[in-house]
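Structures for review follow.
Two complexes are shown next, each including chain A; its partner changes from chain B in the first to chain C in the second.
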Partner chain A sequence: MSRLFRRGRRPTVRYHAGAPPLRHWWLPYALLTPAIVLIVVFGVFAIVGGFAVSLQGERFNSGQAETVFVGLRNYVAVIGSSIFLKSVAATVAYNLAANPLLVGAAIAIAIALTRAGRMATFFQSTLLLSVCLSWTVTLLIWRSILSEGGLANGIFAALNLPAQPFYTSASQALWVTVGISAWAGVGFWALVFLGALKAINPDILEAAALDGATAVQRFRYVVLPLMRRTVLLASVVLTASNATVFVPAQLLTLGGPDNSTHFIMYEASQKLFYDGRPGEAVALVGLLMIVVFALVFVQFRVLRSDDA
Partner chain B sequence: MERNSGMGVRRSRSLMTLVSVALLSAACAGAPSAGSLAGSSAAASPSDAGQASPTLAGQSSDGGAPVTVSLVANGEPRYAGWVKAFNATHPGIQVKLEDSGASGGAANVAALRFGQKDPTLDITSDEVGFDIQWFTKGWIDPLDSYFSPEELTAFVPSRLADETYQGHFLGVPVTNSTLMLGLNLDLFKEAGVDPPPGMKESGVEAVANGAWTWEQVAAAGKTIQEKTGMSGLQFPKGELWVMYPLGEQLGGNVTSPDGLTVKGYLDAPAWLQLAKWFQDVHASGGATVMNPDWGYEEFTAGKVAMVELVAEQNAICLSVKFSCDVAAEPHFQGMKPKSARGSNALVLSAFSQHKKEAAEFLRWVALDPAAWTIFAEDTLPSQNVPVTKTLTDPAYDAFPASVKRLAAYQQLNWPADQPKSPANPEIWRIWDEVWLDIQSGAKTPAQGIEELTQRADEALSIYR
Partner chain C sequence: MRRWSASSVLPYLVLVAVAAAYLLPIWLVVVTSLRSPLAGVFKDWFPFRIEAFVPYEFHIENYLSLMTPGASSRTGVSPDYGRGLLNSVVIAGTTVALGTIVNATAAFAFSRYSFPGRGILFALVAASFLVPFEAIVIPLYTIVNGLGLTNTYYALILPAVANGVSIFVFRQFFLGVPKDLFEAALLDGASILQVIWRVYLPLTKPAFIASGIVLFLGQWQAYFWPLVIVRDHSMWTVQLAVSTISGMVRDQPPDFGAMFASAVVTLVIPMMLVLPLQRNFQVAFFIGGTHH
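Coming up: the complex of A and B.
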């Protein structure tokens, strides 16, 4: 919207330069207000309040426990703890594996759906099944499949293959959680990318084909650039959600084996609910938030469109 | 343009300054909670104490509407039974049970609400030893002023000792999860291995005196696994309260006597020896690793020959289709048997608005025989009278009721010393993670003990 207020004159609101002014200048702000209130109350206040909690801690002095301002002590404590680097490594590894896998798989499925013909609706509905399940139910299902005597090892046994430990193995547990996460989320993002694919003008692809571009070239030089905004959306959302991964560690692996799935949010939740250390828990979350903001900023810079 | 950009920069700086001041003010305001180790109880007790005698039974504090006391507890049936019975006989005080779900859930809920100084939380059940941390943080009031020394003798001495810290009585013990060995006799028979004496065929003395050593258990487990393909032994979970008696048998302690130091204690040779044995018995096939859940599904499905049972599982043999028995808790060769207690307790919130009424409920649970009866239907109580009665009452002659007799015997004769530290919750959590890795072979015993000691030491640093 163009500049709103000119001194001594009634505010003028236009959707873009050259558009006629809105009759009710206050309308856009009124429509935005509920969302802004929610963001401020449950976002900004929460962040400010959380940061305040992270600067508080307990001091035990002569038998008295007191909650006092401790400055950055909680941050120093969590960064200096022997489990911190392992938590960071687990979280980063999870994101580096899960995000590209999910985005890539979703795009591949979306492309396949464009060629599914009459069965497209059926496949689209099926994809949404995993999205409808809660994390708890998803993990219970996969735990029964991947347990020592579960379906997967039963199939391996029938094929004379050795049984696999899956989530009870330090070398496999992380990839198991990545795979489960991808399974749970790929349906939703496949439909999002399907929408982006259908928004591409088929004439552009036809022109590229007439110019001699192969299918791979058309995808790389035409489709992918035109889907950049959708890829950016998926990357940002997945970065934020996968950086705060917690449920698989809580319900499946208890942060192990050998801290391989000891994610930052898992450690934060344990510090809050088990250890009774909210200051350190929020400090961990605060550090995680800074990292997520940095990653999102980088993604915006790398993936932004020239016409953004 | 320059004037506009300058104004914009000054506005940004002003906004940042305002935000920074707001953040720092909010942080510095804090909410000082002076949780005195003795002060809060002294401050609370004169007006709240019932002078060690039930003065409020059936009376509301203002003579009018009943006072509602909240109780957060796990989903065991005894809590609902207690609440129903107490409310029926105390119209002036109505206890409202808030089911926190799975075991341990109450402690998590409490930690969150204590941290927020929730005045609507009156009583909660804790996890083993958590009340020491809560007391140190000033989250709970000790119960010294609500019980006379004579009344405290109602408890089994070891259970009273569990709930006593720095001379203060912290909580009413309400569970008695002593461990025993569940047996699938069909698998023993199939493997051609003679089982240890169990309560099905033998009396408690014979079972206790014939208790196997862990070495025998490991050997039998390996043989059964080789000959039947089923699991020989399962530890449902290598939790702290399950493992510490084994370490104590070998001469180990979790912490220093004041509970503030683990270096030199948790990394002592006894724990390394236990870790090696624990890993070896699993690696050799004598025992199998369960999913990180406390459950008995595989045992009840007939896939496990021996499993560590808690006293609450005394009737498990009624729900299985194989020949089932319960034997005494094993011990290491040449060592005196020691039994874990896994004691939970009901504690009084320091932020409760109804301490007097809440204490009435706690006194009823602790001292009223009606409460013991409800408890005894579920598991083994913690009071002397019902526990010793279990040893002689003919109602406990027949199996599986006799399993409670074995639990009572172990409770009275083989008590292990429960670790006492303000960092019990932290140590327990780290312990759980590390011993699961030792169990599965993800860490070597030395690595596991080293990490456990290091992380436990870090957790204790704020209390020193």
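Coming up: the complex of A and C.
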């Protein structure tokens, strides 16, 4: 704050560097106030409050449960719980499978769209359709199709193929979830990458082609580096959102079978609603977010180096 | 003579496969929702007949049962989908209205002024966009619960109003408007809000549309937060209604016909917004190319 109100003078607010200072210096701050207040209340306060809750637990004092400060007990309990490792394994496997798959498929589809000529608008509409899907509707659709007496097994039976358990099998459930998630998400990201591709100056590609570069070489050495920012964006957002995967576990697999899809966020919600342990739930989410931030930081370092 | 090389056909193969991957299941759901609920909506699914994809029946009972109390042909209980629809429309609409004002003014401040603290505040906005909502649901719940705001519109609307993506999009577009227009309008005596409304809005319409769609979809599709906050059917959102109807919630028997009908309606409503506004919405995706 000291820089803001230097020696009793108002903050120096200008339209842009080099312009004279504004008389109504409070303007940008006033414009920002609603948004910042909301973000602080529903973001920062939530996080800080959450941290406080994670340090609290319950103690029974002559028959009455009371909330007390317990330090790191919740964190220890969370890490030591039997389901912790399984949750971590499920979440890690899910992310390792889903993230590269989504990014790769989205880029491929985006490239295909740039080559589709006049049909592009039609195909883009189908992708926009996928943007309108919600987790609930998606899972409803695939739960029916992939159920024991569902369409998929019906087609398999007609083709004399063995029926598949899909999400009722401990070995298949996780991959089925990855597949469903990829199906739901790839449309949106393909459109994002399409935007990035369209922003590339065609002259650069033409120059490369004139220099004798093949399509694959042009992609590897010209297109991909220029899309680096978008790949970083996709990778960071997907890391954050797939690490907190919850809905498929809640609505499709109930964390199973055999805890194969017992994701970390699902475990946290179980702790909150069924075990009545909010302190541990928040501690678990907190640990998850620390890992996510570390990963995001690493991605920024790796993908943002030598930014043109 | 046209040369059909692998590289010219491959893109179309990919796109057709993707389009089929989306259109076939959705078409199947639409067709199945129109099947007679009494004869069984799944009759062509297993054993499989290709007629599963053919709309040879046109029963609207499934749709009617969503809206009429006590009309579900299977369970005899109203799925009360209509209530969820109403709530979601109110919530999404209010969020779009409030959010547009809040986010556009904030983005205007970021794009048109240079002031101390701008970097930090912008980093705060960017961080809010990176932190997934799921992560703060549980702590946010304890706050909202403590304030006694569970099961209210406030709790469902307010957290979603300030949106990092929306601010980004607005800022990107505002930066593209020549500064002279701004200064000229101010010289003419316009207030800031008038400038945004009269000068910037017409010039950056795609940003407003894109932001509106983002806010709308965010609220329409929200599931985890409403799940945590809503206590009874009077306040539930369309996604909660759908998941209850589909029997994904323990101890609620599923009415499959109504389930598919609800899926169709829940999908069609955002589509009615997004598809006509496609062109304007597309432009927002170019943010992918000019990020940060």
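By definition in this document, the second predicted complex is superposed on the first by the 269 of 308 C-alpha atoms of A that agree within 3 Å, B and C clash if a C-alpha of one lies under 4 Å from a C-alpha of the other, contacts with A are read in each partner's own complex, and residues count from 1 in each chain.
We adopt the following convention: a residue touches a chain if its C-beta (ideal position, glycine included) is under 8 Å from a C-beta of that chain, and two chains touch if they have at least 3 such contacts.
Just so it is clear, the model here is predicted, and its values are computed rather than measured.
After overlaying the two complexes on the shared chain, residue contacts for A:Gln124 are found with chain C alone; chain B is out of touch.
In the superposition on chain A, A:Leu151 makes contact with chain C only, while chain B stays out of contact range.
Residue contacts after overlaying the shared chain place A:Arg143 against chain B and chain C alike. Looking at the superposition, the partner that touches the larger set of chain A residues, chain B or chain C, turns out to be C. In the superposed model, A:Ala196 lies in contact with chain C only, and not with chain B.
By the touch criterion defined above, A:Leu272 lies against chain B and chain C together after alignment on the C-alpha atoms of chain A. After overlaying the two complexes on the shared chain, residue contacts for A:Val302 are found with neither chain B nor chain C. Contacts of A:Gly49 after superposition on the shared chain: both chain B and chain C are touched.
In the superposition on chain A, A:Ile111 contacts chain C only, with no contact to chain B.
Comparing which residues of chain A touch chain B with which touch chain C, the overlap comprises 49, 51, 143, 149, 252, 272, 278.
Remark: chain A residues 48-49, 51-52, 55-58, 60, 63-69, 77, 81-83, 143, 147-149, 165, 168-170, 252-259, 262, 270, 272-276, 278 touch chain B in the complex. Those residues of chain A that touch chain C in the shared complex are 3-4, 11-17, 19, 22, 25, 27-29, 31-32, 34-36, 38-39, 42-47, 49-51, 53, 108-109, 111-113, 115-116, 119, 121-137, 139-145, 149-151, 153-155, 157-158, 183, 186-187, 190-200, 215, 229-230, 233, 236-237, 240-241, 243-244, 246-247, 250-252, 265, 268-269, 272, 278, 281-282, 285, 288-289, 292, 296.
Residue ranges of chain C in contact with chain A, taken from their complex: 7-8, 10-12, 14-15, 18-19, 21-23, 25-26, 28-29, 42, 45-48, 52, 101-103, 105-106, 108-110, 112-118, 121, 124-125, 127-128, 130-132, 134-136, 138-143, 158-159, 161-162, 167, 179, 182-183, 192, 217, 220-221, 223-224, 227, 239, 242-243, 246, 248, 256, 259-260, 263, 266-267, 270-271, 274-275, 278, 281-282, 285-292. Across the complex, chain A is touched by residues 19, 22-24, 26-39, 107-108, 111-112, 114-115, 133-134, 136-139, 288-289, 291-292, 303, 422, 425-426, 428-429, 432-433, 436-437, 440, 442-443, 451, 454-455, 458-459, 461-463 of chain B.
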